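Shared chain: subunit A. Partners: subunit B in the first complex, subunit C in the second.
Then we have the complex of A and B:
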């Protein structure tokens, strides 16, 4: 039997990563009302950006991570400007376009990289031993960085002019327009931010596991569960949801059966949708 | 060595097979057409043969064949999958070498490659294009067991010789045992079937675990069709060999996060994880190395068989062990290294195991045609059945006989197909596959990872 503390550490670090993924997903939905099915694929873009930066260009992994942050953000922004902006009021079209984009990205990596998974170096290699427990330095870094980014995001949304404008747009695009906020620009910022978070999350995920063309699928499905559980559009809810789902997944795999890992979160998704569709925190950033 | 695809794929395959089997008795429009084409094809082939040989059945090696020998190759994504590329390029290499030596019975050897995409339906379509459309004399290749199983009925119907060079499911040759006359057109030149792959894991363990310091191991097998016979062969056998197996887990297909599994292995305090992995192998070995888990890692690990693997995982496979059919530098026979080098020269990289086996299959077929003096399946089959061929992976490539449990399957054993075991090591900044067993091929001894 695996000891509970080790399992808890696994759960805490993976949840930190899920939080980064889910926040971007929830932001785009909360602010723009758009369900971005290509969000998982942006993780893949981030991961392979870091892979190419380190293996083909011979750059360090930190440069690779910065590149992933930038490329993830720019890719996401380009998706908004090139496609979503024109159809964002048509939910079905948006779903089709983002789904197709996600499949196209996967196929792109099948052709350019192949189906074999690739390793991405750890940002901080080695292990930390703390009170008799061994933790991967890379995992500890993910945890710290995840909270720094989440904290920074919360501060930015609540205390900066642009952040407040984003918040206002999410509450009511019409109202925001009346006070001179350009909603298109706010949507663009949201996509940029969500893409950057997904890009960096992709690097971390690839550095623990590997980079492969399908690596974005799992996180996308988990994001659904997390966001629905936390309340669609709620940053607070997404963070809490990420930890609940992360713990559920790791504990199920460790103590019940490894084949149930994907299933547990889907059961939660269905139950929450039926019993409490507004999630734990409801929609904070919702149009009235 | 192995196949792939999920349990769902297997079910779909089985369904198709039953359907096709039923069609032999009942009538379905599609099959009627196919049968018509098949008979028409056979008629044309017979007529042309008669025209050429005058109906002679002699095995005169000086005999001339009418037209080229056409070989249909079924490979998964031959453009960018190393397994598929090895199949396709090795068939072409063998054909080129045969043609340079004057062809077979004076005829040129032509190769037509089709992509199976590891999908049973796509594989079936490609097979029909090769046999009905291109009228090939031999089909070879196929990596995925689900694809191979789905072709069995068609092979029986088309009565075109098929040499499987990649799919390991024992179910295929079991069908030859059940109905020899119907399925005799099917042979497996390699790899050894998954029952024997498991047997080989037991043989390796018995011979080496003591000196490697692996007194207790955790068995980790990914839950796919191809690993089932291996798990069956391993269950109990390792215990009988005096090896302690506190963890024996078939983990879910598609697993990406190995931390919980490794936590369990570590808490069982075993010396090594003895693995059976293809699809999930890369995540598993990368996480083992990065997390510096306190146990060794080895078994059947298909991705690690790729000669170029070290670079793609940043050396994460260092100190890990895998079974393989051959390495580019192992002199299993005097054909092994020349073949690997010729392949490297033609394609810029070294082949994986499916390449060695496909190369042998084409060469062996050519020899059988030469002996039979004909490319007609009915005459080539007895020659293959009785042949002992020196290939690139064994000096005695032979098939089990009609009365065996697995007729037409490549023989497994020290004298026959006998996989080798290698450890990934680092030399001068890059990785190399060093053979650790069997002893006559070994270039080094197993080395435990420094963190264990």
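Then we have the complex of A and C:
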């Protein structure tokens, strides 16, 4: 019984992280209409930013996490400004460019850090006990922070001027342009936001597991599954998809076979693509 | 205006490349260079170190693999992010049949190719339903699933480590002879696949592939079934890729291991090679594949370290290539081969600019040119004549 509960807690935590990654991925696709295959690599950037901040510069992990948030966001924004902005009308080129970028980022870390995995400290060490159940404080923090960020994002998108402008751009870039919204700026904000979310998710992921140069691959592929399952461009679809995929993965690994890690969600992805490519919620933020 | 004419004519002649190949009077300079390149590849093993021949054998198979990627992705625009799937299906099928049941490699290679074609159907059929990005996602995921299957059934597939080396296709008493023979086998496959894919992509089917890339709806509106052509492209490409993979594992250089055949980086390496060479040309990926494999191998052997990073160059190879590809995609989106042809034409045109037509009295211009420029200019003139006559043929 306790075992099932522990697994559930693990699943909830990891799902909260996946939600952060998938929301960024879906935002970029929903608003800008491009698939960012380097999104997973930004997790790696975030994780190693935190690693360097804590181990090389001797800063606290909270500073490291803040740095990861900033560096992830700025890196993503720089990718948009330096590269994607020029080719965003060519989806194929965007995919190749971002895929090759992710390989370049991975190789950069291979060269600078090496292939050995690095430990990143927990943001909140220790354990919490309630109702006879022990939870890592770090896990609880992930869950809370994830929902705070998602909640903040939903509020921002629906109630602020910039958020509404982003939403408008996602619905119709032409229509938004007609009412004076600069779509390029909205795309930039989206990339910034997505990168920041991925950066912070990378820190948490590295604190559970470790930071390694390939750590972004799994979450990227899972993001596909999540986003396709939830419906590309849909925030609530992505959150729901993240929890479905997170639970599926954790329970498969715990109760079926640990070597199946990743396989279950890949199969789900393929099945959804073949059976219902529009996902559970369709494309909320799509151009009509 | 008159300067524009040759350019138009060139595009015309490009579209009729197959006719150019048959008609010797219109063989372009680039075709001559291509033939010289092939000849050089054919003669190379006679004069160089055996180890280099061995590496070149691997490079030839990689180039075949790159061409197979180009046939589907460069032409139909259905970008495959997981082409390693076909390479691996071919290689593993052939290796397993040889290792477990002792079938002759000559038979198992065919079986590997057939299995890869089946995999092509499996991946190509979703192409009926899925549009560009979704299809790319499926192809990206397919080899990951296969790798997971290999890991789960490690006792059969050897998991992450792979299988033992199967028999070589060609076995000789002397290792040296075996190396040379294996090279020529690879070279034969390379030339054969090059010819086959050039023929297919320059045929009407090839035009439909390109049309699908440009506008699938227009193809459907013209009464053609894009899905049929997409599946054809996928199966052809998969079979060729599988054949390359199957033959590759039966050489001294290739082994049935995920790191050589299946992992994500293999799929991306083939894209980098094809993009570097010039996707959508077949010749480009062939050159790009050879270049990528050999240059990476060379970088891997460099022991010097980069001063700032303090890392050996040997570790930087893939980073360098990915950065080079990123830059190249912006500067020269057509790749090296198209760029070289463009540069050649530019040089030729420069030579031609000072040539007769700019001299008002119809006489010879000032002799400021060296022998090279003169030669190029005369070539240019010949080109112009061919081009102009073709142009008139088309006009009237």
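Assume the second predicted complex is superposed on the first by the 286 of 288 C-alpha atoms of A that agree within 3 Å, B and C clash if a C-alpha of one lies under 4 Å from a C-alpha of the other, contacts with A are read in each partner's own complex, and residues count from 1 in each chain.
As a convention for this text, a contact is a pair of C-beta atoms (placed from the backbone, for glycine too) under 8 Å apart; a residue touches a chain by one contact, two chains touch by 3 or more.
Since the structure is predicted, the reported quantities are computational estimates derived from the model, not experimental observations.
Undergrad: Looking at the overlay, does A:96 come into contact with subunit B only (first), subunit C only (second), both, or neither?
TA: second
Undergrad: For A:127, decide between first (touching subunit B), second (touching subunit C), both and neither.
TA: In the superposition, A:127 contacts subunit B only.
Undergrad: Please indicate which partner A:107 is in contact with in the superposed arrangement: first for subunit B, second for subunit C, both, or neither.
TA: Touch partner of A:107: subunit C, not subunit B.
Undergrad: Figure out whether A:136 sits in contact with subunit B (first) or subunit C (second), or with both, or with neither.
TA: It touches subunit B, and subunit C stays clear.
Undergrad: In the overlay, answer first, second, both or neither for which of subunit B and subunit C A:228 touches.
TA: second
Undergrad: Per the contact definition in the header, classify A:259: touching subunit B only (first), subunit C only (second), both, or neither.
TA: Both: A:259 reaches subunit B and subunit C.
Undergrad: Show which residues of subunit A both subunit B and subunit C reach, each in its own complex.
TA: The answer is residues 110-111, 257, 259, 262 of subunit A.
Undergrad: Any idea which subunit B residues touch subunit A in the complex?
TA: So the residues of subunit B touching subunit A come out as 77, 80-82, 223, 249, 251-252, 254-257, 259-261, 263-264, 267, 282-283, 286-287, 290-292, 303, 306, 311-314, 316.
Undergrad: Which residues, counting only subunit A, touch subunit C once they are in their complex?
TA: Against subunit C, subunit A makes touches at 35, 83, 86, 91-93, 95-97, 99-101, 103-104, 107-108, 110-112, 217, 221, 224, 228, 257, 259-260, 262-263, 266-267, 269-270, 273-274, 277.
Undergrad: Contact residues on subunit A for subunit B in the complex?
TA: 1-3, 6-7, 10, 14, 55, 110-111, 114-122, 125, 127, 136, 138, 207-210, 212, 215, 218, 250, 253-254, 257-259, 261-262
Undergrad: Quick check: in the complex, which residue numbers of subunit C touch subunit A?
TA: Touch list, subunit C to subunit A: 77, 79, 81, 126, 129-130, 132-134, 136-138, 140-142, 144-145, 148-149, 151-152, 264-265, 268, 271-272, 275, 309, 311, 315-316, 318-319, 322-323, 325-326, 329-330, 333.
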